[in-house]
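So, here's a batch of structures to check.
Two complexes are shown next, each including chain A; its partner changes from chain B in the first to chain C in the second.
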Partner chain A sequence: MSMTPNIKPDLFTRIVKFSPRFLLALLILPVLGGLISVLLPAFGWAPALSQYSFNLQGFSELWLTPGIGKMVILSIVTGLVSTLLAFVITLMILASFFNSPWLNRIQHLLSPILVIPHAAAAIAVGFLIAPSGMFSRLLSPWLTGWELAPNGMFPHDPYGISIILGLTLKELPFLLLMALGVLAQPELGKKLRQQHKVALNLGYCPMTAFFKVVLPSLYPLLKLPTLAVLAYASANVEMPLILGPNTPPTLAVAIMHWFSDVDLNLRIKASAGALLQLLVTGGLLALWVGGEKTIKHFFSHLLTNGEREYGGVFWQKLTGLITALVIGFIILALIGLVMWSVAGFWRFPAAMPDQFVLSHFQNAMMQMSEPLFNSLVIGVITTALAIILALLCLEAEQLTGKNVSRFISLVIYLPLLVPSIAFLFGLVWLQQLINNQATFTHVVFTHLLFVLPYVFLSLTSSYRRLDPRFAHVAASLGTTPGNVFLKVKLPQLFAPILIAAALGLAISFGQYLPTLLAGGGRISTITTEAVTLANGASRRTSAVYAIIQMALPLIGFILAWILPKYFFKSARR
Partner chain B sequence: MQTSVLEIKNLELFRQEQLLLSLNEQVNGGEILTIMGPSGSGKSSLLNWLTGTLANEFHATGEVLLNNQNVSNLPAHLRHIGVLYQDALLFSHLTVAGNIEFAMPKCDKKLRKQKVEQALEQVGLAGMAERHPDNLSGGQQARVALLRMLLSEPKAILLDEPFSKLDTQLRVDTRKLVFDLIREHKLPAIMVTHDHSDAEAAQGKIITLQSQGH
Partner chain C sequence: MPLTRCWQLNTRHRFGIVAFFVYTSLFIFVLCCAFWPNSVLASSAVSTSALSTSITAESIESKKLDENPNVYFYAWGGDAQINAYIQWAAKQVQAKYNINLHHVKLSDTSEAVSRVLAEKSAGNNHKGSVDLVWINGANFATMSEHSLLLPNWANKLPNFKYTDPKNNPAVTFDFGIPTKGMEAPWGQASLTFYYDNLAIDGSANNQLPTTLDQLLKWSAKHPGRFSYPKPPDYLGMSFLKYALVVLHEKSDEKIKAQLNQVANEQNSKLVLTPLWDFLNQLHPTLWRHGQHFMQSGAQMRRLVDDTELSLAFTFSAPEVPAAVQRFDLPKSIRSYAMEDGSLSNTHFVAIPYNASQPKAAQLVANFLLSPEAQAHKQTPSVWGDKSVIIPTTLSPEQQALFKTQTPHPSALPFNSIKRTLSEPHPSWVEAILTGWQSRYGVRLLEASNEHDS
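And now, the complex of A and B:
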């Protein structure tokens, strides 16, 4: 070791201090670049199509598209209603079961849903509500009198009810777990639980106490996740592709069809559509924030009006019923999925198949090796990159002694708030401009945009909870910052890093649109295959793909749960 | 003002199967019963049992009577027992006045504002109504918490080491204020404390619980 004092920060410190800026660039540039590359063609400037004039032709074509109004309304209604339902049910569950052991039980029951990709969830819900699905089988023929499968409108109903059901069931666990994550923060959680108890002592019924005391402190921390859910719900393609109507589909699905049409001239219209999608999603976000401000303005005086009881017993019973229904729905959907994947001959009103066979799995497995390999390789590389970058940024926080700015915390959500259908096409166009051959790299890079936010958010709280004194002790013993990071901090964070890795893998496995677009349709993963198969192939094959889609992230989480029991045991908390 | 009476009848409090304490006491309005004892002797569990928030690993037999009415089976929010904790636990999304109005029974808005002003003045916090609770000193927060509890019109009061976070002079002043108001409102009170000066100042019966060594 050199004896001269080293004033200049070492390489590790410089890399660490630079990493937040790198993170910002990595998130902002592709999203902005993608948006601009979609905006220009929308106004007629498309060098790829040899069009260099600015005009509004794309918009007039969009305007003349039959059913465009219906598409927009379907996107708005499914996005808003599903988010509202998920949000309200989340609050009701929290209010009813706050301080009750049931809250933990519900959390355990619902958290596996979080890792199920949207496409798989949509397939499972579709099976549940289809005319020959589990619902009508359980009710037939004793209640309905149906001996043959009826002509039902679900899924693919023109009103988007199936989409709303699918989105609500999928987003509810996400919001609930985000809220429970906030309540698990040591200081804030303890304070809110004590204040809830104070309100009880002051004569408030438990539900009123939650809404008047806990929610005002909880909501600000739940706002961004809720907005992310709203943005996703209004602009996603997986759910409406599998559960939605075709004539007309939601706006996002229509845009996707136009972009991938062989007629390249449709791209102008698609770009104009992407701009419209931005307006729709942006409008919904503004509506939500405006609604929140209105509620605050008109109802904040109710907080101190002294009213302690708003029919709490009724609401509590209703919440219990809704919770049981939601959990029942999910369990029934999963059972149906598993049964289809192993069903031999399955006559209509029978609740169980006549025989169970493994041939669907065997057949699917033979064709699955390439998509499976792609899913795993893309997932592992993306997740590794995301974790390294997130850890460096969080280490930068500790080295500089201040938390990342509000700006960065907001930018982290950027890829989740801007509809991916609106910027991905522009991004892909840019990627092809740079290098047309590196599709695999393009897919990894695009996945990173969506994996990074989740990995970063998942690691943040554990990293900030690290006792800084360990690092101080190590430094006082002469350890370099790099070694403190590698040998002191990382082993203590082994379990949270594994959880973040499992989450990152799950997010990457579940990506449909980014894989499809960045890969130019040439890279197939389990998820792209599952979506393609959901609308054509046999129900049994589709069920197998959905199950594999669920199994992959589940294996990740099981590993993340088991490994810390054997490695770095002392670091376990 | 009518005086209340708090009675604890044949209480036996267990952790798992182990008997922590048994108690038979009557506290009249304006009296303060002091409970002392080492940690783990069941002091906090006794308060939790009285408020109806006993944790799962404990169970108890016996009754709490408030003015001869058995409240043992009522949920926490219907018992009308006010609690003062060692932290003020003011709601940070409400102003000082908001915190107190939150606790008051429903009545005319103007009357509520007036009562809050009066109460704040009485404890030396005149003009603080629209302040944010986080900007108050520890002693001021303790006084707001006291007002919040008193204006909810409880029938009995529990004090859970309420002065332990205040420094000596503040402790003496706040304690005097709390005890004076308890006597003025003729409320029965039970105080749990580690501090002998608290116990002496309460001028009531003192029960010392035994440690339940493991």
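And now, the complex of A and C:
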């Protein structure tokens, strides 16, 4: 390929070089635009309601809302405690099982949880801890003497314990897999493992070795995912809606109710509430970073004090216990979910249903066609767009020869760090301003904001690991950059692309708030139906919806896992 | 094999792309499968020139309509049995009058109200999207107040005579507001209770409560086994209205009369005080100590299935046996009506002033009021909704249509509603709601914080 500088680069190269800017605009503009259009109504400027003056009425209404203080406290406590628990358990599991085959086994057991949408996970947890749930059925009546379900407190307990439990169980696998992803990076992973071994040889207990040697290098790479978890936990709506109290609910849930109220004037208050949510989440993020700095400042000397042992055996046993509990809890929840979906009469305290029937599936299937169709179409379109865009950006990175800057990596996390409840409302205002009929497009676009980061992150490491010599050889044989991309690089990336596609579909399937808001309630997906049904009439029907919700992404991942095996087998022959 | 070789050749070069297509086409295949049963989509309404605004007996006699109009019936769609009944009615009017009746399923009737209101403010006065709407109470009050309904047609329907309107105020007044021919009666609903007879076994200290007073005492003896959906849920509000009306049974006539007047600040305090006193006694004995309430009647039903609650209530009695048949409630469920009265109301169908097909909509309303349709609706296995027709106005053949079969053991026994209580004025809903929110809306965390400290 003899391309002289004065020849214009071909169309492909131009598209590729332009794509990172497009990506940035796509992520920044909606989030910023959304934030601005929530800021203006919060201060009273809402042309849609013919209010054109700036005032603090929204905030004073917010302030006068009964229970506003408790809403904020509930959001803060559930967000912080669940993230802290998930983070600490992740570290303990990593420390106990570092360099042990158990780490991979735990990963295999937990990774399916990652694809379970939050709503389905919440439904499953609810089945387990309810007064008539699996736990109390297993203990009744032989131990407890309960013939009727007891007057319990879960779910919907006032302290948010159910929410914390649900969030911790859901976020733990995410953080663990993120950490394992970091350790799977060839150079860094190898270096850390070697250093760990050296520490062991110097007589450090395995757990101490992990905390003193591995963690300081691991944490900086875990920081953004952890912050994303914290932001999500403090501002999500599915978990508190299904597991949380309602007198009053968490702040995010209350804002959602205000925003979807028939009384449009409540939207001013909702906007003010969204700003408060932003403040709460921002405060929590700052608190986390501050806490991290404090710990670093006060405890860094412990790294070099030479102490080898901090009761490692005890902690290791405790970790084993917690891990077993977590896994047992998840398995029990899933068993309960499956049993409910096929249960006939199942009176408390029987541990098993009286009979098994398929009628719940049949009835649900008859009504499910439209939500299923919507879920799949939105998921496929969104994921396809996200993958194309992510691939183009990564190609741009290779063509220009430099990695994306820190700024861009931060921007990619933007939709995950800014509470969606805050900017989504603004975004919906904007979308309605532009065109209030194209709900389907709005939903796809909004999903893209949340799918794109995951798809991008999932493709990045594989793309950067591509051996550049293949591309160089192809280029030296006269292949255009476009063909190098299509015929040399993409085939090598087959498996990662499928994984990214499955991940993208899973993320899109699980979106509740974006679908609800951007679709104006008119576009129903499996997830919106599942959340609506979760507190409704029939455990059996909501179990069916939760199972379908889990099955969709699982099918995607199984395909992503099987297809490359088949193709590589045939290609190797 | 040549086929596999060819496939390999193809895939070796482009297999990334090919595989991606395979992958996506698999999904498209799945979603096509999902789509086909749903492909019968409603075609858009073809508006024909509106003829006379009311139909007469003669025009009913005339055969099928020539133009095959589409009538969009906006009706709450939360109950499978009711939806099936509307489908049955659609088939009937198709055969009889050549009308395509489309059921637009609402989760809340106020959606239809705001739609018509929006159309009015947008100047759409003739081609509205709502032709017929299932309505009563506060929604009717709003629509009639804003003149959003076609007046003076329902009283001219040929089948209206079967309701004996002269002696039957239930079909000419909706929550105390005169209907003025703006809506045709469709059915009657009453607040009925259901219980788990394994949990309330009728033993000496576990007798079934049949009055509000007994309910309070029973709940005190069996704490946590009863509750009501959190207002503004319709069913929760209905329970509060039942309590309010019963509590005023023995009050001074002057105070009692206030229930049929518009609520204002002065009479609110007077009328509602007994209700708050009652709830202050009741709440500590409720499920979750009255600090957390369920969101809906549907959730309440699930809690009965979970055996957390032993007693619950509904406005649609037939949903109880239907739920037992679906396994959503245990077999030990029995229905009954309170002896001190059942809060009852009539539900209606109305035509918005800007309906595209007012004439065809009236034909549908007339059909819904026919002895045939009313009898079918009253059949427990179909819907079980009480007919608005007074049997004495019917011929013996028509009366025979209403004969009942053996009911399901969980269904409300026939004629068990001995005493009906009429709804208070719609404005009381807002007054009760505001008072409830400020008293009980945010109890929970305050109590728990005291507990913490």
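Structure notes:
Everything that follows uses one rule, which is that the second predicted complex is superposed on the first by the 561 of 573 C-alpha atoms of A that agree within 3 Å, B and C clash if a C-alpha of one lies under 4 Å from a C-alpha of the other, contacts with A are read in each partner's own complex, and residues count from 1 in each chain.
The working rule: a residue touches a chain if its C-beta (ideal position, glycine included) is under 8 Å from a C-beta of that chain, and two chains touch if they have at least 3 such contacts.
Everything numeric here is computed off the predicted structure, so don't read it as measured data.
In the superposed pair of complexes, A:S217 makes contact with chain B only, with no contact to chain C. Look at A:L202: by the touch rule set out above, it reaches chain B but stays clear of chain C. In the superposition on chain A, A:N246 contacts chain C only, with no contact to chain B. Chain A is touched at more residues by one of its partners, and among chain B and chain C that partner is C. Contact with neither chain B nor chain C is seen for A:I36 once the two complexes are overlaid on the shared chain. By the touch criterion defined above, A:M366 lies against chain C but remains apart from chain B after alignment on the C-alpha atoms of chain A. Of the two partner chains placed by superposition, only chain B is touched by A:L303; chain C is not. Chain A meets chain C in the complex at residues 66-67, 70, 73-74, 130-132, 148-149, 151-153, 156, 158-159, 245-248, 262, 343-348, 357, 359-360, 363, 366, 368-370, 372-373, 376-377, 379-380, 384, 486-487, 490-494, 497-498, 501, 505, 535-540, 559-560, 563-564, 567, 570-571, 573.
Interface residues of chain B facing chain A in the complex, by the touch rule stated above, are 51, 53, 56, 75-78, 80-83, 85, 87, 89, 91-94, 97-98, 101-107, 109, 112, 148-149, 152.
Residues 101, 191, 194-195, 197-206, 209, 212-213, 216-217, 303-308 of chain A are the ones touching chain B in the complex. The residues of chain C lying in touch with chain A in their complex are 4, 7-8, 11-17, 19-20, 22-24, 26-28, 30-31, 34-38, 110, 114, 199, 223-225, 230, 287-288, 291-296, 298-299, 301-302, 305-308, 310, 323, 326-328, 330-331, 437-438, 440-449.
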